[in-house]
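You will see two complexes here that share chain A, one where it goes with chain B and one where it goes with chain C.
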Partner chain A sequence: MNMITLIVALPLLAAFLLPISDRALGSVSRFVGPIVLLMNIILIMTLWQKSEGAPFALALGGFRPPLGISFYVDQLALLFALLVSILALMLWPYKADTNPRVFGLMLLLTGAASGMALSGDLFNIYVFFELLSVASFGLVASLRTGAAFAATTRYLIISGFGTVMALTGVALIYTQTGTLNLAHLATLAPQQLDNATGLTAFALILLGIGVKAELFPVNTWVPEVYATASRRVSALMAGLVSKLAVLVIVRLMVLIFPQPEAMQLMLALGVAGVLIGELSAWRARDFVRMLSFSSIGQLGLVFVAFSIPGEAGILAGLAVALHHLLVKPALFLLAERWGGSLGRLEGAGRRSPLAAGLFVLFALSLVGVPPLPGFWAKLLTIVGLLGQAAPLYWFAAAVVLVATVAEVNYLFRFGLTLFKREEQSAQVHKPHARIDLGTVSVMGVVLLTAMFLIAPLGERMQTIADQTTDRGLYISTVLGPVGGAR
Partner chain B sequence: MSDPELHWLLYGGAIGLIVIGAAGIVMGKHLFRIILALAIAEAGANLMLVVAGLRPDAVAPIITGGMIPEQMVDPVPQAMVLTAIVIGVGIQALVLSLAIRVYKAYGTLDMREIRLKMAADIDAEAGVDDEVSQEGPAGERPLELPDAVTSGGPGQ
Partner chain C sequence: MTLLDGLILLALISVLVTMLGYRLPVIGWLTSALFAGQLLVLFLMSGLGYGGDTIHSSVALSIFGQPLSWRFDALSWFFALITIGAALASSLFAAGEWGRQYRQNGGNPGLLQFSLALNVLTMLILLASGDLLALFIGWELVSWASFLLMAMAGGAAFSWAMRYITYATGGAMAILAGMGMVYQMTGSLQYADLMAVAGQLSQAQVVILSLLFGSGFAIKMGVLPFHLWQAGAYAETPGPGTAFLGSISSRMGLYGILVVLVQLIGLGRLIEIDISFTWLSLRDLLMWVAAITIILPTFTALRQNDARRLLAWHGVGQGGYMLLGIFSATALGSSGGLMHVFNHATYQAALFLSVYAVVHRTGTADLNKLGGLVTRMPLSFLVMLVGIIGLAGIPPMNGFVSKWLVYRSLLIEGMPLLFVASVIGTLGTILSVYKLIHNMFLGQLRAEHSEIREAPWSMMLPMLVLSLIVFITGFMPGLALDWVAAAQAAVGLPVLQHSLGGVEMEQGGLDMTWLVAVLFAGFGIGALLFYSTGKTRHVNQLDNYAGGHFLTADVRYHYSDHFYAGLMHRIGHWYRESFQWLESVLISLTGFVAQGASGFYRIVQPALLMLVVVVLALWVVR
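Moving on, here comes the complex of A and B:
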């Protein structure tokens, strides 16, 4: 089981060695990253088989928790670690003229993201979060245009203040409990964090980590960063980085802050995100910014879903998050050649019918048209919201439905533009690169497969949600009678 | 000064620094001042962590000459602050280097001008007329940036 540390260590090692070894190895270094990611995928798969779904904890450096730093490996953590590697492999910058330093940054991002998914220590999470941030700054700026540098600077300042808030929240928790091990915190939280200080700490951490998760008041960086970064990086950030921030918040919420006030705070911010994101996307007049704003709206929906108390919330949130994780990167990859204002794209779909067909498929799923997986995700959310007594939840359900109407409007408007009869003013767009179109097609196949396998997938997710909400299991696995399982 | 008072003073100082930093980031116009405000806010958060482990009548948690002191300050927050300071310095170096790049590209460090020029660049790339910009605040139209499109070349 010690192999699990390799998932974090290997990409980090490769990331720091790549820029040095690039001189010596030359073009060989291009294959290092994908090989490391493939190894990661195989490692995680074997671990998942071996552990048979049972969670286990790992005390790093031989210090037993709560003193040492621990990794907690359950199905949710493994699932996200697996998705990190798979998505990074799919969105790898394969272009021949890529600067080798970009490979290093990609690997850094993968290692930090896996560490965030696995870590069971609050401060450790903070460190991985910072590492993830730095890697994403580098990736966003890697196009080296003036606009990219300006967008990165603004993003860095917001993100930097976010980490200050998160760190203050961590300090507040430490003053109350004297520990930062999540399992230990979970045992102490009911007595020591169920008060105003605990709630303040949660709000600070929520806002701090929420910067990456495109949470409502701290998401002004989203449209400009996604518009100036390369599409693959935008896809990675919208699909993956945001979900990992959400994962951390959900872990904290389940283990440490199960107060209804904390949930309602998240719900309110999520609702604001849905409303503002979808309405801005409706107003946007170019594809990339439409996708960026739509991603704010979808992340808002993820927060809304996770703020439903109990297992139903985790299940709904997981469904919405996984669906968005698949669909948004695909749409960003399609935007690679469809940048530019909507007017310029008239008739573009007639020239590349496969890309246009895939767009329609993903758009339908994003909106939530019945047999597609997006429908089930939205259904779970709406049903969960309506099952709650508090009026705020009913309001949230109404907002989600209204936002869906806006979503239908802008996505279909774009779809219609694609299929418009060509005018004489229509501009010639380059066809999609084969690698992009291939990746998107694979994603489309995954989406269709998920549609047919929705029942077993739902059961699988139900077991993951059960395991995630089980605080007792977490505590006994990490601190239990045996101590850290080695 | 008695110890509880000292504690409150330190907590107040930490929160004050964070608030000063936040105000600087939100209200600042000059990029360099915003970066300094970020540094101040980071210092506040670090102070907060140190104070979290502070105990009255305690010494630094260092064992010298085999003697174990009676009362030691909690060493965990100090170790964490060390990490946080290092991360903070790294981030500040990164943002400064980015600021240099931005200055080279746009020739200004005024945040509002940078924002407008960046928005114009993005609009130009997307082919949307910047006449009705998505990014521009409602009161600022029409955007008087005749050279905005041309000056936004690559960073180097």
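Moving on, here comes the complex of A and C:
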């Protein structure tokens, strides 16, 4: 089971060695990244096979928890670690003229992201979060245009303040409890964190980490950054990085802050995100900005879904998050050739019917047209929200439903633009790069497969949700049966 | 494998065939043959139409713990019959010369056939749904399939299709919210469970559920105030597509209302609920909405100068009669409402097809640019004549029977105001269908149309068959009333006692065979008198007088522009376009809010605020 550390260590090691090896080996180093990621995928698969879904914990450096650094490996963590590697592999910058530094940053991001998924204590999470931030700054600025640097600076500032907030929150928790191990915190939380201080700490961490998760109101960096970064990086940020930040928040909420106030705070911010994101997207007049705002709205939906108490919330949130993780990167990849204002894209779909068809497929799933997977995610969310007594949940359901109408409107306004008959002065549309279109096609196949396999997938997600919400299991797995006794 | 599996499999095969073979020149005939095959399977299931047992599909799923099942009962069969029949007629119409011309004009007839097949498949899936989840899945599939059909023409069709899908999504979301509530009340989405608790629901719950499901389904029917999208969206669809959409697509909303409001919740619950400060019950309110849906769109139709729009607006208005009949909850009224679905589909398809036959030959559907075509296209004229008699609800066509049933039940139930409202609607219908046939076929022939020939037989055949059905089911309404009665039984409405000729009642029934016989006898006597005097003389179509002056052949004397000028002088100022105004206000408001929302991303720099939050937080917990 010690192999699990390799998932984090391998990409990090490769990331640090790449700049050196690049000098020595030249183009060979291009293959290092994908190979490492492939190894990671195989590693995680075998681990999953071996553990048979049962969670296990790992203490690093020989200190038993709650003292040492610990990893907690359950199905949720493995799932996200797996998705990190798969998505990074799919969105790998394969272009020939890529700066080798970008490879290093990608691997750094992968390693940090896997670490975040697997970590079992707050301090480690914080460290990996920082590492992830640094990697993302570099990636976002990697196009080296002036606009990219300006957007990155803005992102950097907001991220920096976010870090301050998160760190303050962690510090507050530490002053209250004297520990940062999640399992230990879970045992202490009902006595020591179920108060105003605990809530404040949660709010600070939520907002701090929420910067990456595109949480309202700390997401003002999103439109600029996605507009200026390369599409693959935007795809990675919107699809993957945001979800990992959400994952951390969800872990904290399940284990440490199950108070209804904490959930409603997250719900309120999520609702505001849905509303503002979707409305701004409705007003956007170019594809990339539209996708950025839509991504804010979708992340709002993820927060809304996760704020439903209990298993239903985890299940709904997981469904929405996984769906968005597949769809948004695909749409960003399609945006590679569909930049600029909407008016200039008239007839673009007639030139590249495959790309336009894939756009329609993903857009249909995004707005939740049955039987595509997006529908089931939306259904779980709505049913879950309406199952709560608090009026805020009903309001959230109404907002989500109304936002869907706006979403349909802007996505298909764009979709129909693609199919407009070309004017006399036909714009020259470059076809999509083969690698982009290929990646999106694979994602489309995954989406359709998921549609047919929705019943078994649903069962699998149910077990993950069961396991994730089981606090007792987490505590006893990390601290042992004795330590877990409260 | 049950017959239902076979039917849906065949529909699926039709979709696949049209998808793969859309470039084939014979694709139209092939699709028609496949639709005919589906109709055949439906006839094998015809036991359903006469009270046979429900046919279940052998496909059943369970997703996220929710069982999904599909089945066909008498109601599904009745709607499926209309659906496939309309698709067959439209497909046949497009298969021959129409399709060739459409291809020459840059259209894609294969795509049209594919869209038709897809619409039929999705509608069958909707009609077969055996629980609320399957119903919603079918509903959304139908919505998006119609979107494809509406948008495929490009150009102006895009903006109408956009309007449609925005409304339709709003409706779907209302239904989804309703489903969420049902799930919270019953813990499942099965029909049986909702039916079981329907009696115990509180009044507030019934009201909310009825409004959510009712408005969701009503949007597809274009019931006021959700009607703005329909006429334009249908009119911009390529020819036979319009006929298909106009005859059956919006009735899927009626199917949903029948299943959820009538079968599951029960109209009895709706009648119980009184609305405060009025003398109305919830059911009465819905009936008034239906009545207004008859009147306003019908008079909007009167003002249209495009034949397609005129008919499409009538499609909206006639939906009101169906709702009015069904919400009356009596055997008589609901049979009228249900039968009107069938009748409307038959004459509306015939009317649209005859309009498109004219468009095929003349290239325009503008009522100000046609006229006198009766000498050139007599069969199309005949089809339109039969169609408008049906639409206006005049004997001997089938539209009369269903409207009579609705009127009769309103009178018997003591709802004279509603009766008057629906008669006002009929008045508007008669006025506007006269405008339609007059401006297209009567009066003087335009010079540019002097060389026009009758539509080819591939287009005439479905038109003639449809008008024959319109007449036969008017002559012998019992043929259709059998199916209607079975459908009534399936949704738990009181069942109509009927005979082949109509309805026998103590308060005065209806026997169409007698009525038609008398009518034709009258015509016969008239014709006898007319021809026996021997004073007939053939005159040239252009041989006209006006105000005592002889008009030469080069002077046209044919009113079509500003038709009904006198009437419009009286009622013209009542057209306020309030709903258009309301819609644009809503859009502007949304735009205003959206501007504010995206302004947030330009103006706010949260970094400092974040610092303030941290300091405040520390101050709070200090």
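One rule holds in what follows: the second predicted complex is superposed on the first by the 478 of 486 C-alpha atoms of A that agree within 3 Å, B and C clash if a C-alpha of one lies under 4 Å from a C-alpha of the other, contacts with A are read in each partner's own complex, and residues count from 1 in each chain.
Keep this in mind: contacts are C-beta pairs under 8 Å (C-beta built on N, C-alpha and C of every residue); 3 or more make two chains touch, one makes a residue touch a chain.
All of these numbers come straight from a predicted model, not from anything done at the bench.
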Quick one: is A:16 in contact with chain B, with chain C, with both, or with neither? Answer first, second, both or neither. neither
Could you tell me if A:416 is touching chain B, chain C, both of them or neither one (first, second, both, neither)? second
In the superposed arrangement, does A:454 touch chain B (first), chain C (second), both or neither? second
On the A-aligned overlay, A:228 touches which partner chain: chain B = first, chain C = second, or both, or neither? first
Considering only the touch criterion stated at the top, classify A:161 as touching first (chain B), second (chain C), both, or neither. both
Once the shared chain is lined up, is A:48 touching chain B (first), chain C (second), both, or neither of them? neither
Which partner does A:340 reach: the first (chain B), the second (chain C), both, or neither? first
Touched partner set for A:284, first chain B, second chain C, both or neither: both
Applying the touch criterion given at the start, work out whether A:127 contacts chain B, chain C, both or neither, answering first, second, both or neither. first
On chain A, which partner touches more residues: chain B or chain C? C
After overlaying the two complexes on chain A, where does the chain B footprint on chain A coincide with the chain C footprint? 157, 160-161, 164-165, 168, 172, 223, 283-284
In the complex, the residues of chain C that touch chain A are 61-65, 133, 136-137, 140-141, 144, 147, 151, 154-155, 158, 161-162, 165-166, 169-170, 173-174, 176-177, 179-181, 183-184, 590-591, 593-595, 597-598, 600-601, 604-607, 609-611, 613-614, 617-618, 620-621
Which residues, counting only chain A, touch chain B once they are in their complex? 123, 126-127, 130, 134, 137, 141, 144-154, 156-157, 160-161, 163-165, 167-168, 170-172, 174-175, 178, 180, 223-224, 227-228, 283-286, 288-289, 339-341, 343-344
Report the residues of chain A in contact with chain C in the complex, numbered from low to high. 157-158, 160-162, 164-165, 168, 172, 196-197, 200-201, 203-204, 207, 217-218, 220, 222-223, 275-276, 279-280, 282-284, 293, 315, 364, 367, 369-371, 375-376, 378-380, 382-383, 385-387, 397-398, 401-402, 404-406, 408-409, 412-413, 416, 419-421, 454-455, 458, 462
Per the touch rule above, chain B residues touching chain A in the complex are 18, 21-22, 25, 31, 34-35, 38, 41-42, 44-46, 48-49, 51-53, 74, 76-77, 80, 83-84, 87, 90-91, 94-95, 98-99, 101-102, 104-106, 111, 114-115, 117-119, 121-122, 125-128, 134-135, 151-156
